[in-house]
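Have a look at the structure below before the remarks.
Note that the chains take the letters A, B, C and D in the order they are written out, and that residue 1 is the start of every chain.
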Amino acid sequence: MNLTIVVLAALDGISYAALVFLVSVGLSLIFGVMRIVNVAHGSLYAYGAYAAATIGIAVAPISPWLTYPGLLLAAIGVGTILGGLLERFLLRLVYGRDEALQLLITFAVFMILDNLQRVIWGVQPIFAAAPLQLLPNISVLGVGYTSYQTLLLPGVAALTLIGLRYFLRHTLGGAVILAVTEDREAATAIGINPNRVFLRTFILGAILAALGGALASPTTSLLPGIGTEMIVLSFAVAATAGLGQIEGAAIAALMIGLARAFAIYTYPEFEVLVPYAIMVLVLLIRPQGLFGATRLRRI
Amino acid sequence: MWRRHRVLIGATLVGLAAIGVLPMASPSIVTLLALILAKGVVVLGIIVLLQAGQVSFGHAMFFAAGAYAVAFYGRYVGVGDMLLYLVFGAVAGGVLGLIVGLFVVRYREIFFGMLNLAFSMVLWSLLEKMFHYTNGADGIRVARPALVGLTFTPDQFSYVLLYLSFAIAVAALFAVQRYLESPLGSMLRAIKSNETRLEYLGISARRVLLVGYVTSAVLAGLGGSLVAVIQQIATPEFAYWTKSGEFVFIAILGGTGHALGAFAGAAVFEFVRFYASAQLADAWQMILGFVLIAIILLAPAGLIGIVRRRSAGERSAA
Amino acid sequence: MTKVVLSARGLVIRFGGVVAADGVDLDVQAGEHLAIIGPNGAGKTTFLNIATGYLKPQAGSVEFLGQDITAHSPRAITRLGIARAFQIPQLFLEHTVIESLLIAAASRNGRLATLRSLEDLPEREEMMQLLELVGARDAAEHKAVVLPEGRRKLVDIAMALALKPKLVLMDEPTSGVASAEKFAIMDVLVAALNAQAVTSVFVEHDMDVVQRYADRVAVWSSGKIQTVGTPREVLADPAVISQVIGI
Amino acid sequence: MRTGRRTFTGLLAAAAAVAIGGAPASAQDKPAELKIAITTFLSGPASVFGVPGKNAAEMIAEDINKKGGILGVPVKLSFIDEGAGGEALVSNYRRVVQDEKVDVTFASISSGSCNQLVPLAEDLKVMNLMWDCGASSILEAKKYRYNFRTQANATQEMMAVLIYLLKKKPDFKTIAVVNQDYAWGRESWEIFSTALKQLKPDVQVVGEFFPKFGAPDYSTEVSRLLALRPEVVLTTSWGGDLDTFVRQAGQRGLLRQSTFVLGIGETSLQRLGRDVPEGLIVGARGDHWFLHPEMKNKPEFKAFNEAFKARTGAWPIYPVYHMAQAFAALQAAYDKAGKAAGGKWPSREQVVDAMEGLTFQAWGRPVRLREDNQGIEAQLVGTTKRGEGYDFMVLDDMMIFDSTKLINPPNQKTGDWLKTLTPELIKLEVPVFKHGG
């Protein structure tokens, strides 16, 4: 392995990690606050992607630059509407119920959304690459990269990370979310309405998933089933990091992204195995994930 | 014996009637019924783990282990005997269950579920990637085996499989019920309500769970080998996470309070999927999703819970 | 000199900045009933947690019948003969009371590899008698989840006794029990302990109970054992009165 | 216990009834309808083939019925979704064959589905036309009575693409492959690379990538290929996977750096539009092209294409033509069997007999069924070029291969046959057609 390969694989790994981070951080956030593993998270990713492509195809003839606000609009729209409906009218009914039931209800939502997606957008691949084509290519060591993937995606991911950190640590809304994460009963006791916090958190997480999908849409064909793979992948990242760990998700996403890229450069056959192997190894050594903390039950 | 097991014996008789009568209405249902019974055996394993409050989102790995044990035998050794296949499937599930179990029984709840998922995804990607041994995503065909040396025409064999699946399902049902009522089974349920106390009674919760885990893996392996023969194929899809989700789905649908829930759930699930995909080719997933939501919201104890509530109501009315 | 059953030496444990034990020495003698008293949050329960292996001390050791058990798990310690009853009853809420006791009995007698129904175990009658002894026989077929707090407490203690331990550690056995029944229950309990020659340690807030049933009293305060002595001596000590009893 | 015994007796009776009643009916009366069950992808990524295939089947069936049906009997279609998973596929296949008693089945698109359904069709004694699946191995394992492949297999398809490449670009030294990780991707590369080693031994394979089926991102593979600089990049991917790969490669200049060979790219051309440059080599799994040089002036062919375009909004792609071939084979077999039965309605077994060695033609050159039930189908390969009047790339420099020499003889396995090839094969005479020529 020479330096060229290291540099190229690192670039590929980072751009991949950026997308995976955006999706998994939403999953992680929702789990941290609500203790629900949202299997439908991958569907939100898919809907974000499809919505962005739909808007993109509609506005591109006017001006391709409009597709950028289109991406954002798709993410916020899908996250707010779909996320809001799901939390308010479904998840709220199962709080306090068996963990298995909560997980399974999101599994049911996943099945429905997956099916509905085919009904809405059909089965033919959809491609809306305007945002990608607008930005110039850059050349690294003689290899052409799109600046969309090498600069924009990691940039958005970094901004999201910084923004989330700031929101959680330095704003009242964030402080309330953190309080509920750490001790729901105590938070309720001091007058925080957990339902409102749950709704906000779920919408925020859903927006992040949809944003991941929207940002991915210019680079890939949209097809039935794009969400299915994303669920386990973001799950692997979130679990490796420790559920609820924001910064951890970024590091785990980088680990998995880089390992995958290096696998393709050296032993491409192991590419698919990489995220899951990392997840197994990490969980075996640290069951709470790389950055998660354990709690002892009081007796 | 009769009194304690009257529910199971009653269910067995209903089952017997079903597999006797339904095929007369529609011959293709023979295979569907066998499939339901085989899947019910797998779901029994999920129900065992649910007694301890643990949800495995990776149980498809043992299901696939059973199926591939059969497929590999057929591919590298030659067509074997059905009984041998079943033993192989159960052993493959059990051995893998023991290996994975030694790791995962240290974890609980979401971590337990996640680790199971991770292991199953590793197996899935290996099955996909080891193309030269596993034939990749297309899977390995399983030729029709003999049963204790007897060979059958395809038509006869579908009936043989149905009766065999039924026998295995009944045996598994009684064995699991027996296990759940035994001290070890009671301790398994105690893990769910208070593991700390269990340890303070001098009982290793991990070992109790390991026994349950291996039991459920054996059931999954057994079911997997049956399905491989019924379907005549083993594919990596057998190990994918959506398969695991399907098993948990069936368990919740049927109800986890009784071993019978596994079969009730499997029957409803497969019939809905079968008829929905036949009548409304592109809506079966959605229909199943709505059925599941309805069950969770309206009848959290599953189909078995509905039946129980009914019969309890009748009894108190009488 | 009577035989020492349990012996703690130099136990130190801190939680963050709070020092719960700061060099605790304590001996429990065979056959005695030792009460531990002290202000709230002093670390009395922590001592039970250390003695049963739930928490590991940062320094010091615990010996049981001459064997160092500091690093043992609760399970291993239980198997050596130390049973524990909890301040907050630790029950199998979805099991009936008799089932819970039978699980304990099955553990004690190693009945794990049997497919015989739990309900049919030969220890059933013995467990019913135990319930009788603690006055909860009528609750045998009830699920623990439906029992009122006082009864839960009794069942919790019965589960500990079902193990036929050599030493039982109890965390406020009469808290949550109506005060009118306190003495009646303690009478039964102590009689049962004596009948089986079980040594006991109990953390207690109620000084009347301590006065009546403890052979010795240890006062735990500021992470240390301040004094040990007979109830009469200790409860007369003005320092104890101001620190612990709060008069 | 009494109930139990009675039920058991009932069971035995049921089993016996099935065993006795299983014999095929030999009634020669014309039925009310000829029932055809078709397995195709209605969900999942492969529905890019499945849905056009279904549309074609419906269109063709309407047309047949308008003309009075097959031997005067109207056809009735039912569809089974291959995307619903193996269990549902097999259960539904059994249902249509055993309960609805369909006369013939067309199964399937995926070789995985064919692997499951071909032996089942044989078990159930129902005629099955493998209308689209291409894995060579299926028909090499054993001789089937009821299963026929009404188009080429992977060997013919890949050999044609390889020879076209070697004729167009005889001097290349390096090649890399990016195929989907499943049977087709693996098998097509196996055939291509084995034959390449025989026909041009000095070519070096510099990269082999098998990203997982349905992978959303090929950026890393593209980077790797940009650094490796192979002269030729082969991919036999299809559908969304191919679109994504080709677009990501195009965006970053890889399509200009290397000569791309899209083994079955014909289906993606309309979707890719102007995102691909001229000069890509494109195969079509048969001589399938809506501007087929030998067919394009036939009014029926034009009418068919126009009708399909009007119905679905897109020009037909190869699954459409494969479907048409299955219907053509069915029609030809019934005609032949009907004649043999003296104008009476032929029994099912008579129709199966008629399939032996049948030749039939739809919208390409005639297809011949060999004694191992394998179709011998001409192959069309071309190079992309801007075409007047189309907003996507069309094919130019098309060669139409007679496949007779591009497939192993029935008594030899593909792998063994490939090792007997010599560079002589490159000199094979093949007609060349220009776009619009």
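FYI, contacts are C-beta pairs under 8 Å (C-beta built on N, C-alpha and C of every residue); 3 or more make two chains touch, one makes a residue touch a chain.
As the structure is a computational prediction, the values presented were derived from the model and not from experiment.
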If you tally contacting C-beta pairs, which comes out ahead, B-C or A-D? Let me know. A-D
In terms of CA centroid distance, which chain is the most far removed from chain D? C
Mean of the CA atoms for each chain, then the mean for all of them together: which chain is nearest? B
For chain A versus chain D, what separation do you get between their C-alpha means, in angstrom? 38
Once you find the CA centre of chain B and the CA centre of chain C, what distance in Å lies between them? 43
Any idea how many Å lie between the Cα centroids of chain A and chain C? 49
Averaging C-alpha coordinates per chain, one finds the centres of chain A and chain B separated by a number of Å equal to 32
Residues of chain C engaged with two or more neighbouring chains: 86, 90
Note: chain A residues in touch with at least two other chains are 118, 269, 272, 299
The positions of chain B in contact with two or more other chains are 128-129, 196, 282, 284
Note: in the complex, chain C contacts chain B through residues 52, 73-75, 78-79, 83-84, 86, 90-95, 99-100, 102-104, 106-108, 111-119, 121, 159-160, 163
Chain D-facing residues of chain B, complex: 13, 16-17, 19-21, 23-24, 26-28, 31-32, 35, 128-129, 131, 135-139, 141, 154-156, 159, 163, 227, 231-233, 235, 237, 270, 273-274, 277-278, 281-282, 284
Under the definition above, what is the set of chain D residues touching chain B in their complex? 3-4, 7-8, 10-11, 14-15, 17-19, 22, 42-43, 79-81, 84-88, 90-92, 94-95, 97-99, 110-112, 115-116, 119-120, 123-124, 135, 181-183, 186, 210, 212-213
Can you list the chain A residues touching chain B in their complex? 31, 35, 37, 39, 90, 93-94, 97-101, 103-105, 107-112, 114-116, 118-119, 228, 231-232, 235-236, 239, 243, 269-270, 272-273, 276-277, 279-280, 283-284, 287-288, 297, 299
What residues on chain B touch chain A, complex-wise? 50, 55, 57, 103, 106-107, 109-111, 113-115, 117-119, 121-122, 125-126, 128-129, 196, 241-242, 245, 248-249, 252, 282-286, 288-290, 292-293, 296-297, 300
